[in-house]
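Chains: A, B, C and D, in written order; residue numbering restarts at 1 for each.
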Amino acid sequence: MIGKKTWIIPDGFLQPKSTGEEVSHEAVCVLNLGDQGADIRLTFYFEDREPMDRFLSTCGAQRTHHIRLDKLKDETGSSVPMGVPYAIKVDSSVPVVVQHSRLDTSQEALALFTTMAFPVTEE
Amino acid sequence: MIGKKTWIIPDGFLQPKSTGEEVSHEAVCVLNLGDQGADIRLTFYFEDREPMDRFLSTCGAQRTHHIRLDKLKDETGSSVPMGVPYAIKVDSSVPVVVQHSRLDTSQEALALFTTMAFPVTEE
Amino acid sequence: MIGKKTWIIPDGFLQPKSTGEEVSHEAVCVLNLGDQGADIRLTFYFEDREPMDRFLSTCGAQRTHHIRLDKLKDETGSSVPMGVPYAIKVDSSVPVVVQHSRLDTSQEALALFTTMAFPVTEE
Amino acid sequence: MIGKKTWIIPDGFLQPKSTGEEVSHEAVCVLNLGDQGADIRLTFYFEDREPMDRFLSTCGAQRTHHIRLDKLKDETGSSVPMGVPYAIKVDSSVPVVVQHSRLDTSQEALALFTTMAFPVTEE
């Protein structure tokens, strides 16, 4: 089984401003190399309020899912708040590999960043 | 032997638009520090279709190869599809080290990102 | 307990110039998934002078803190110097996960980069 | 002892073009947390020619060194070639931590990327 069930991303931020054709956004990119679909839960942590832990998603077997955080809704219909710092914990029902990327078009040209999420080793 | 035989990259995307002199592209950058050439297979995973697993490449001993994904063809002559999210598994016949980078020139100035691929430990 | 108590970031630099609405800066992004608050000490290393080791911060339990390095003051009121290369060691009283990001607006459009910090394993 | 003696960076490239005030470059950023100075050797690997292995540098104890690859000369006075893909192996006499970053100003606004180098575990 390739990957881990839990991954951590400390630097999250949804840029509220966009220019040009591309909308500023972040994506949690999941690859599921197993033979069962992955049930995914994303928990968002903030600087000054309680975590939001009811964001659910999926990733099929032998599929990738680039989960757009600007489009994600939780079970109550809430969105990820824009313009505030957050961090993310990704929990999956089966091992997956997780990478996190940001696209920022708040100024005239777009900017990108990416990193592998931090894998949590079961102990 | 330095490196691993399997590496994972969840966030792949070939930007179809380019401006200026540089063409938007991604590269899978391989370093082979061994004394035998590496036979490399790239498998591409998608959100809504079966994986494409017939992309082959090589990297000589004591050589690097920055494999341009916008130029790669599989055994049937197919290219990596542009404008859709994908993920990549890189398998090598010998241990190598793999990094993945994207250059996006869809807006007026270029943007870059990079990360080490996720190494798979044989168990 | 998820994370490590010590993290390393070799490439630090505070860009003194900014254009547009965003100020060039770096952030050390911490996520504390434990049930106790984290006391954090940042040590800055330079190319040609002694380290500065009296920068303190915190991160609450189940909270993130994106520590802005351009705003940080040490116990003597000193700031992180701008326009010179530095490296950072982050020490926490409890395990945390650390990512480092830079925003550079010195030219007409902003640029971003990020990476997970390097985790130090206790031995 | 924090860090490793060998680090790998598969994606190297010195952009020959620059615009504005910043010169396109790459830096190998080293942090030496030990109490002895580090003697550093950089080996450059190419796609179609033999490696260049005579680039030497240093990093003092409790110091960082952001080694500018566009300024580095080897023992014979040769520079790192511009405009061609390469990969880098960094060997240090003592454990260090290594990060690699690129600044590209070939178009109107600068672009940045960074990643931790891949640490080689002694076996």
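Just a few scattered comments:
Simple rule for what comes next: a contact is a pair of C-beta atoms (placed from the backbone, for glycine too) under 8 Å apart; a residue touches a chain by one contact, two chains touch by 3 or more.
Quick caveat: nothing in here was measured; it's all calculated off a predicted structure.
The angle of the rotation superposing chain C on chain D, based on CA atoms and rounded to the nearest 5, is 90 degrees.
To find the repeat of A-B among A-D, B-C or B-D, check which pair has over half of the same contact pairs by residue number; it is B-D. Per-chain Cα centroids separate chain A from chain C by 22 Å. Mean C-alpha positions place chain A and chain D at a centre distance of 31 Å. For chain D, the set of residues that touch two or more other chains comprises 108-116. Across the interface of their complex, chain A is touched by residues 6, 8-13, 45-48, 50-51, 85-87, 89, 102, 104, 106-118, 120 of chain B. Interface of chain C with chain A (complex): residues 2-3, 20-22, 27, 29-31, 33, 62-66, 97-99, 101, 105, 108-116, 119. Remark: chain C residues 108-109, 111, 113, 115 touch chain B in the complex.
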